[in-house]
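The two complexes that follow have chain A in common; it is paired with chain B in the first and with chain C in the second.
On to the complex of A and B.
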């Protein structure tokens, strides 16, 4: 469904071009959920915005092929891309209040998408909007469609965003930290809803999150990002059970899972680098407990290790040899 | 007040006036509704609940940063209501707070040296003394060279260390940590949690740790209080709460933890806004009975360690 090859995105800064995304490749099948996991600044949101071609003015994609069901998204003229957005690809964000228009009712905002992309008349679009609200679990959808965003709770607003996103039955839904602003019980409801969507309509979902445990629970595959690169990719279960890359291992070891009396969590020392230009060695080397000579001089390539699993680490290359 | 309690709160209520548009003001639901809590010297008590449940309001009221509408607070044997200004100022040094966002709680124009120097002076220490400053920085794991940095030059984790150092400067016995790691990345979060654990050991501190994240609470807290709509609905030792939670809301929270096997789907009920005589959790509760509609269940002790505010769980 979606194929991304060697995506590279630069942000122009006063200090020179910042390599926010540096050679990200992955593919996503219909009905599949992939988690893109990493800490702030690792490039996960920039990856999503690059795919959507919604980058801020000072950022640009410098190299890649992004194919959605065979169409090269990066080669499309802007008008064609605009027609695709909200129709074939949709995106939901962390803060639904910022994404919804406060002066229109939620029904109008869903209907607008349908009128625009599907050419439905107002009446049909409105009826469809009510059905969509019902579909995303909002009770009394006919009455609620006439409400304004401020009358909704955070969880309900995110449901409205999802209703808008799925209104045209997209091939791909990008969800960028969709539950980070929500309470834990609501978080699970929203993720269950996304899960239902991909099962029922075969929508591929790219779930961007900082929470590895959450990705493990709701994704088929996980890609861990660090300093603009995917450093490890694999099926969610096996990746969480036995992470290959020292960074993925570090992330897991840093998450509290029980009382301190049963074991201290281990922080990852240091801070992630900001990349201005080609990397010298492995970007994680300065924080890595396993680093050895090759890590300082060459950036490691992706090494296959086990079914469907790859990681960017010299330890694996050494092991493979 | 028993000797091993550092703080005892009785029947705290806090109402904020809600002024609607126009002349009529609506009576808002109480942010705190009859909360009683006793905190033992040296323990870490965790406070969980969703946004708007009253966690932060409780913290502010306990520290007397916001006056309670009614109720009584005793800290280290003194009733806060009876204290004069000067006495309150003195007592305030014994209780400190660390907030979620150190960016907002640190003065952006002051260097670390000035921020901490101010706090050291408050404690009656020598501001010029480099040793007390270095000792403070050392206690929170910051190299001495950071003394001349301003907040914007520090990372989120380093800023939170400065905020903790400032709280420690006045040598408190009780620290409220209000979502201290929620704004931090996982790897940095681990550093701050371990720092809080080490300081608790070395300085014999008592913590009230507030978080929406049960995993964070479980890591540090010995006892856990669960809040819902301005009330404590369950209070138990941490291990007990994780093994045998009795309140349906606590059970729902536990089921929402990533990595737990879900037994039943989480009901997608949105909170209602109308106040009624019944239990606040009624609309979302899978176990509600007739009695739950008629009265608000009180927090009742199941045994000496475990209390729950639920008619069904307490077998009423």
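On to the complex of A and C.
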């Protein structure tokens, strides 16, 4: 379905080109949910925007192949890419409060996409919009379609965003921290809805989140990102059960579990690096409790370890664990 | 916005109804002036000059609003003057608004060389003294109604452009614009459908004030002899003529001044309602 090979995205800054995404590769099958996990600024959102080709003006993709069902997205002319957006690839954003246009009714915003991509007339598009609202679990869809975004709660708005995103039955749905702005109970409802959608329609979902536990519950596979690279990738269960990369281990140790009195949260000391150009050694080395000589000089490559699992660490390469 | 309940919400708003009534009254005066005016607005009668309102002329004819310094009926001139004033006021603010808004949208959304070009043009426009430009243009083109509208638009477009551009600069970074792009909506549609309605509120306010400004500016140009010919009645021209008689005939200035005020209030009330209507959060 989706194949990404060696995606690199540079942001032009006054200090020179910043490598926001550096050689990200992964693939996603139809109906599969992959979690892209990492802390703020690790390049998760830049990866998503690179796939959509919606990067800000000062950023550009410098080398990669992104194939959606065989089509190289990065080689497409802009008009063809525009035809794909919203139709074959859709995206849900972090803040449902800001992602809906305040001056249009929600029904109108769903119908617009249908008119645009499916060429439906206004009536049919509107009826379809009502059906979609019903589909994402909004009661009294025919009445609510005529409401404006400010008349909805955050969770309802995210449902509307999902209705817009799935209106054309996309092959790939990119959900960029879809529940960060919502409270925990609503978060579970929204993720359950996404789960249901991919089971029904076979849409592949790229779930971007900073919450490793959440990714564990809702994803088939998890890719952990650090400093613009995927440092570890594997099936959700086995990755969470036994993380290979020290960074994944650190993330897991930093997660609150059980009653607070039972254990302490162990933070990862230090801050992620900002990359200007090729890296010297492992990016995580300054914060890594297990670093040894090779970490300082060469960037580690991806090492396969176990079924479907890869990680970027010299510990694995040396078999020193 | 326009659609369900547009008419209903209009009728329910006393502000909108009052504004509409005032504007309709002025419009009626302009359109039906030949029917409404009791006298020929050009007809002079030096024997009956500077008659106060509610007075009878020597020949027994009644002048509701009195006569001016040449004995012309003020009511007739006022009614005919509505034509020029409305045309200039609405024409100039609409033309300037259209051009200014489109340039502001393009500059703000597209950025790059388009933005550079438009902002440079706006700077040039602001650096030139408006009255100098008006004198030069009208001297070359001649003082016709169309030329006055053109000159006034030229002076006003910058205001719209600057306000719209700065509005667009903030709106285009909103997530819903990114979301619209992520849905494959073309840039032109994003500008017109998704951004424009969100920057329209200040534009409507500017436009309503611009109507008043244009009516008064036309008066200024007519006063300098650059506007419509003095024989053609216009509110601005009447106001300018009245200046010399202010001490002895207050109504010559007060009446066209009142007409301008009423028009401006009417347009403002309509504009206020329209602006609120464009913001669904106010629930008008």
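Here is the rule we go by: the second predicted complex is superposed on the first by the 316 of 321 C-alpha atoms of A that agree within 3 Å, B and C clash if a C-alpha of one lies under 4 Å from a C-alpha of the other, contacts with A are read in each partner's own complex, and residues count from 1 in each chain.
Quick note on the criterion: a contact is a pair of C-beta atoms (placed from the backbone, for glycine too) under 8 Å apart; a residue touches a chain by one contact, two chains touch by 3 or more.
Keep in mind that what you see is a predicted model, and the values were worked out from it rather than measured.
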Fit-or-clash call for chain B and chain C when the two complexes are aligned on chain A: fit
Partner chain(s) touched by A:213 [first = chain B, second = chain C, both, neither]: first
Touching partner for A:148 - first (chain B), second (chain C), both, neither: second
Which of chain B and chain C A:57 touches, first, second, both or neither: second
Which of chain B and chain C A:114 touches, first, second, both or neither: neither
Chain B versus chain C as contact partner of A:244, first or second or both or neither: neither
Vertex chain A angle, Cα centres of chain C and chain B, expressed to the nearest 10 degrees: 80
Chain B versus chain C - smallest C-alpha distance in the overlay, whole Å: 7
Touching both chain C and chain B, counted on chain A across the two superposed complexes: none
Complex contact set, residues of chain A against chain B: 39-40, 137, 139, 153, 155-156, 183-189, 192, 210-214, 216-217, 250-251, 254-260, 264-268, 271
Complex contact set, residues of chain C against chain A: 1, 4, 111, 174-176, 178-186, 193-194, 197-198, 278-281
Parts of chain A lying in touch with chain C, wherever the complex brings them together: 52, 54, 57, 82-87, 90-91, 93-95, 98-104, 112-113, 116-117, 146, 148, 150, 161, 164
Touching residues (chain side chain B, partner chain A) in the complex: 50-51, 155, 185-191, 193-194, 197, 212-216, 218-220, 238-239, 252-253, 255-259, 265-266, 268, 270-271
